[in-house]
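Each chain gets a letter, A, B, C, D and E, in the order it is written, and its residues are counted from 1.
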């Protein structure tokens, strides 16, 4: 129910633009399979239950990393026929849409989301001082999931691994002590590597500040080079042979089987452990830690929605935005997706145990570096350039120098 | 005959001119040109608008700064900025190089293999047409389908390629992961798909060479190898040219294969070609004008191949 | 140069529909330096015979010798025989020089300079030395023909084989090349087997003709032997244009009785026909004489059917009296200056010294025309060699 | 371009002396290549019949306990919309294509007027353009200039009602027709060139008009080529991907064609499901494989002609 | 039925290499009901002329009338002319009946029943009524030929045009169809233009022959006119096989002086040649007589070159005395029973009543052979019609 928002059955709401019409509310998203599909199904059925008279049209647009979704949206926008709402990463990603996004500050204010939403998330939802996105849930990016048996067999104490270089030492041990690969990594696409590079970047001394400088275009080349070298050492020596052909899901299942010691991933990886037939138990078979050196950080990833200006369904649009901010929506969606709500006022016990822990971290740490690979930190073009920097220089033979300079160039692009 | 001529001479000249003009007009109106116009005119309009309209529009767009979705292309100020950007873009250089390597390696190896297969089959073989059918089968499949098959073939742990070379104690290799191998692997898969086609073309060419040629060479004392090398293969020139052109056209359509195999606009390092770069710039980054300029460069590359070929065909009266 | 001998050569092709006997127990000797023409209707096995000599087909049975050397099982490369194909089979991608050098390059160890010289000599002989750097596609039919010959000549083989080399040329050029070829062979003196189904070629070019039918040898002999003394009805009908008139007759009391005529025979002829009764009466069109009205013993009343004037001579279709004009059975040729009108009643003379008689069943010639008679009638003039 | 002649004649190489060991070697090599051409398809087939976790041993068929059709049913389920869409788009497109190409080839081959060569060249060139070269305008055209999927209205009169699914498919079909005309044109033209000109002239002298010559002489005579072009073009359209991707964009779209759906199938957050992908690949290829097996010779002819 | 008149008809084709004048100012009238044969070497414009009459090409200049109706600018559909093509151009997908009905369906308003009747009548005339339901592919060459004719006949057109309709048939069938066609045309009486390059056909079938060369009309006349009284050297050489012998001569004091012979002329002939000096002397091979040794006025010593026996006659190449034997300038035909040996010295008689003389420059005939003389020499026998 929507009790805590005190907002009835979608009648006109303060904005004075009347009652919802018959045009269906069109919402585009990219959750076509797995956890995401479950989660969005739940979300939409909750919405439809609540507003049974509403015509809605929820459309999944598949493809990795929202690429297809973005291009469909881009073309619809160019055609002046945008969907009412679509899934989008907030933050820098929003800049590309410029004035085409609807200002939903009224929704934020009327519902008090300005106070109840995580501050960082709220800031990332603003563009030119106006709220233009509604965050839904968040994944934590800086996790290292590991196989308990492998670590035990190798005699590695997880607590002792507190920096990237300590991690490499641990890898060494695992390599000599067990048959498993120390780490599994997926390189069939570029983003996991991009992500890993910046885990190491953050995990090093002074990582957070260097990172925030970097995404503003003032990168520290030395720091970056060092992070790249660390990554190179990991990728060159301690990962699975078939890295370049597999996706992270395949890598993850290798870790679950005990063929690899650990995997660096966003906490969506948890979705696989949670599945009924996964055959692994939390803490018995798998466990996790913050990526070494980033214990005091929560590398932020946000799933949310943005809204187009000038659509035929302004009323429904608002109701949808409002709905996304409700605790129920965030909790139910988050639980299925393996992500935590961005509302700070939810009762975390409604979350699954693992998420509860994440949520607790979320409220206790104060450093929220936004992710590059998932659009929060860099606008699309620099982000693509960053992907290219990795893709071109850091997928096989590792060219630290070229990768570093390309990455710096990419981050600097947003200035011009 | 005389009376005829009298009759003609008797008519007034003015009248005759007018009559003549009328007759000619009438004849023109009834001429095959006018009568056949709807037959080729309608398809020409549709095709012309699509192909030539498309090309011209594309070039126009490439001369604007059109990008994103906030603005419409401004046809008022045209310049060559996009081209100078493309010419200095290392991604363009890299993809152009890959495109070129792909074209040359794929085309030449397919030609050689197709030639070999056609010579193999150009003899009295049982079930020849069935064999031919099997060799040609991959050609009937979509790039999207064959990409799935090869993705599995190249699978690191369970793929057939690694299984087979494993029998010889080699590998396993990361066929589509290793940037050094991936282009070769893609080319290999394409060769698998299209060498049957080259074979068919060469087979048709071989069968159009009369037996006499072979017999004459034998009576002239040439060995079998020499007969092929000096007499038969040189006569397959036009078959090779047309096969090569078609292969290159297929190679230019490689985007579909890469997209279907890797599921992304960004194929792995080493396989990025102009076609994927163009689609990526257009549909992922909405750099419409830039993408259009890359498309024009791609068109230029294929023109380099096609124009001489068409001219040659035209000269030979083969069109 | 060497003779070519075929001994009991048989070639059977296997086909879906069964065996095809293309050549049937062929015994034939082509003498050293001889020009032998192989004629016969389409499909009679001429090409197959030639191809067996060339080594392009293996005989099913029998042996082939080149001089004393058995070559039956040698590959074409080892035989030292040159062949000219009906289609010329010039290599379209090589120049004339390339075409002519190819055989020398492949089958001899000659140096480039020697090859060059031989090719140029041969080209000069054939008057194509100015074409040496052209491609076959740029040559006329006659020139291509010459290049094909050149390709054969240049190798100085033991024997030439030519398979209908003139078939693709137009009439004028064919006549020209015919003379040329004949002279060339005379000069070179190479043993030659020449296949054609054009009997003008057969008659005018050959030292001897071999007539094949259905894979079987019908007759070997000089052209005039075959024309005037055919072994059987097939040869008689095949050689000569318009072809010999044939009328089925029965022998009754020394007289040949046909449907529309009776022909009494002299003692000599009768003797030849002893013991046969179902016969075929034959006479060549040029031997039929048209007279105003029938008077003599071998003259018959007849009606003129269609007349085809050809300028130098006229072909006249004739029907015996009592026969419908459109079913005319006889063809006669008469001089171009004489005319005959359709529908006219005339007499026709079938001189006894010009008739042939064949066995109706086997087709074997029982009686051939007399030659002495005719020749003494019209003595050959100017026959003493210079 | 070269003509396809799948004549019955033995190839020239049949003149080679045949020794048994040679023949044996020949067949061995032929078999080797059969294995080469078939193995990717075979491994795909075998894999599609195994459950995902048992998808190892690419050459071995599934054992009795691992055999499962689950991938096939799942694939069929996911592809069924694509089948309908692809058929709905490819069949009319192919038919219209054949009609227009045949009339164009008729008008430019058998009807005699000067300088038609220029127009012929225009058509033929169209065969060879890389589609990337018109992709941006094409997208622009269907979204901005003539958004057929949004319906067509003149004033207030709706001529074509807006319909995302069928409208988009219509756009796609028209696109295929336009870009398919050149190759079909060339196929028809090469065929029409082999029709004796005297035949057309005879019909002219017999009093037939240009149209009557087409309907009564040329069209009935084209049946073999119509077959070839139908097969060829249907296969092309069925297999095409780039236009679908551009005009439809996503496998989730109502109008998604089979290739579009196939390209994303079996790859999601739960990993790459190879058996599912293989089963789907087979299903998607089924119509073309069936056509190909039934009409292999015509298919080869169509290929050798372009 | 109607006459066909061509007035100053010219056809110029444009080519990359320039203009090709295919037909040059052609004036020709084909009379109502006449059978005119158009002959000439390949490429002389025969087909082009025919196609202009049919309406398949437009004349560049000049007019064409059918009867009194100008048809120059009408489409073929409007002309009411039927044409038979060299390839027959039967519609392969229609039955014989369909082929024959097609023209009637397209160009007339006849009812189905009427069409059916006309088709069956025509089929009966041509003896193909039992083939009506077959497809052309199932017919033999001769039958196809007949269907093609039937298709033309059934429309009862004003004129028939036939472009080498027999070229694709083999020799035997060609001879047969020749006769048949001729009879058919006689029965129907339709104005017919018949194109061929086969002079046997031209000579035997036509009412008149029109000889074309290089797009220009050389002569129109009956076959024998053209054979015996050619307008010029081209016609003389084109008609007749082997062709007429030509020797370049100069006229000196009433004597023709060639390189190797001198030929004194009678007063009559001399009168014809008045005012010309560079001439061509012509005589047909069959008019040359070979004698043992030269005695008379027009007899010359000569040497026998190559002899080509053909059975019924022999072609003898002859060289004048003092000439190299291989450069023989004259060809003579003699009876098949007479022989001549290569190298023999003989006399040749060139009878003055058989000679032709042409202007060397223009090629125009100045003097043609006498016909009366010959005919009274060898009176025609059996010439009274039955």
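The definition used in the following text is that a contact is a pair of C-beta atoms (placed from the backbone, for glycine too) under 8 Å apart; a residue touches a chain by one contact, two chains touch by 3 or more.
None of the values given here were measured: they were computed from a predicted structure.
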Strictly by the touch rule at the top, which chains does chain B share as contacts with chain C? E
Can you name the chain that lies farthest from chain C, using the mean of each chain's Cα atoms as its centre? A
Angle of the C-alpha superposing rotation, chain C to chain E, to the nearest 5 degrees: 175
Most distant chain from chain E by Cα centroid: A
Looking at every pair of chains, which has the largest contact count? B-D
Of all the chains shown, whose C-alpha centre falls nearest the centre of every protein C-alpha atom combined? B
Inter-centroid spacing, chain E versus chain B (mean Cα positions, whole Å): 53
I'd like the Å distance between the centres of chain C and chain D, where a centre is the mean of that chain's Cα atoms. 57
Could you put a whole-Å number on the gap between the CA centroids of chain A and chain C? 95
Quick check: what residues of chain D touch more than one other chain, meaning two or more? 15, 139, 209, 264, 267
Of all residues in chain E, the ones touching two or more other chains: 75
Can you pull out the residues of chain A that are in contact with at least two other chains? 63, 71, 75, 78, 246
Following the definition at the start, I'd like every touching pair of chains, please. A-B, A-D, B-C, B-D, B-E, C-E, D-E
Chain B to chain C touching residues, read off their complex: 210, 212-213, 215-223, 226, 230-231, 234-235, 237
Which stretch or stretches of chain E touch chain D in the complex? 14, 51, 54-56, 75-77, 79, 81-83, 85-87, 89, 91-93, 102-103, 106-108, 151, 155
Please give the residue numbers of chain B that touch chain E in the complex, ascending. 1, 4-5, 7-8, 23-24, 26-27, 30
Contact footprint of chain B on chain D as seen in their complex: 1-7, 9-16, 26-27, 29-30, 33-34, 36-41, 43-44, 47, 55-59, 100-101, 103-104, 106-108, 111-113, 116-117, 119-141, 175, 177-179, 181-182, 185-186, 189, 209-211, 214, 235, 238-242, 245-246, 259, 262-264, 267, 274, 277-278, 280-282, 284-285, 288-289, 291-293, 296-297, 299-300, 303-304, 306
Chain E partner contacts - residues on chain C that touch it in the complex: 170-171, 175, 179, 182-183, 200, 203-204, 223-224, 227-228, 239-241, 284-286, 290-293, 303-304, 306, 308-313, 315, 333, 335-347, 374-375, 378, 380-386
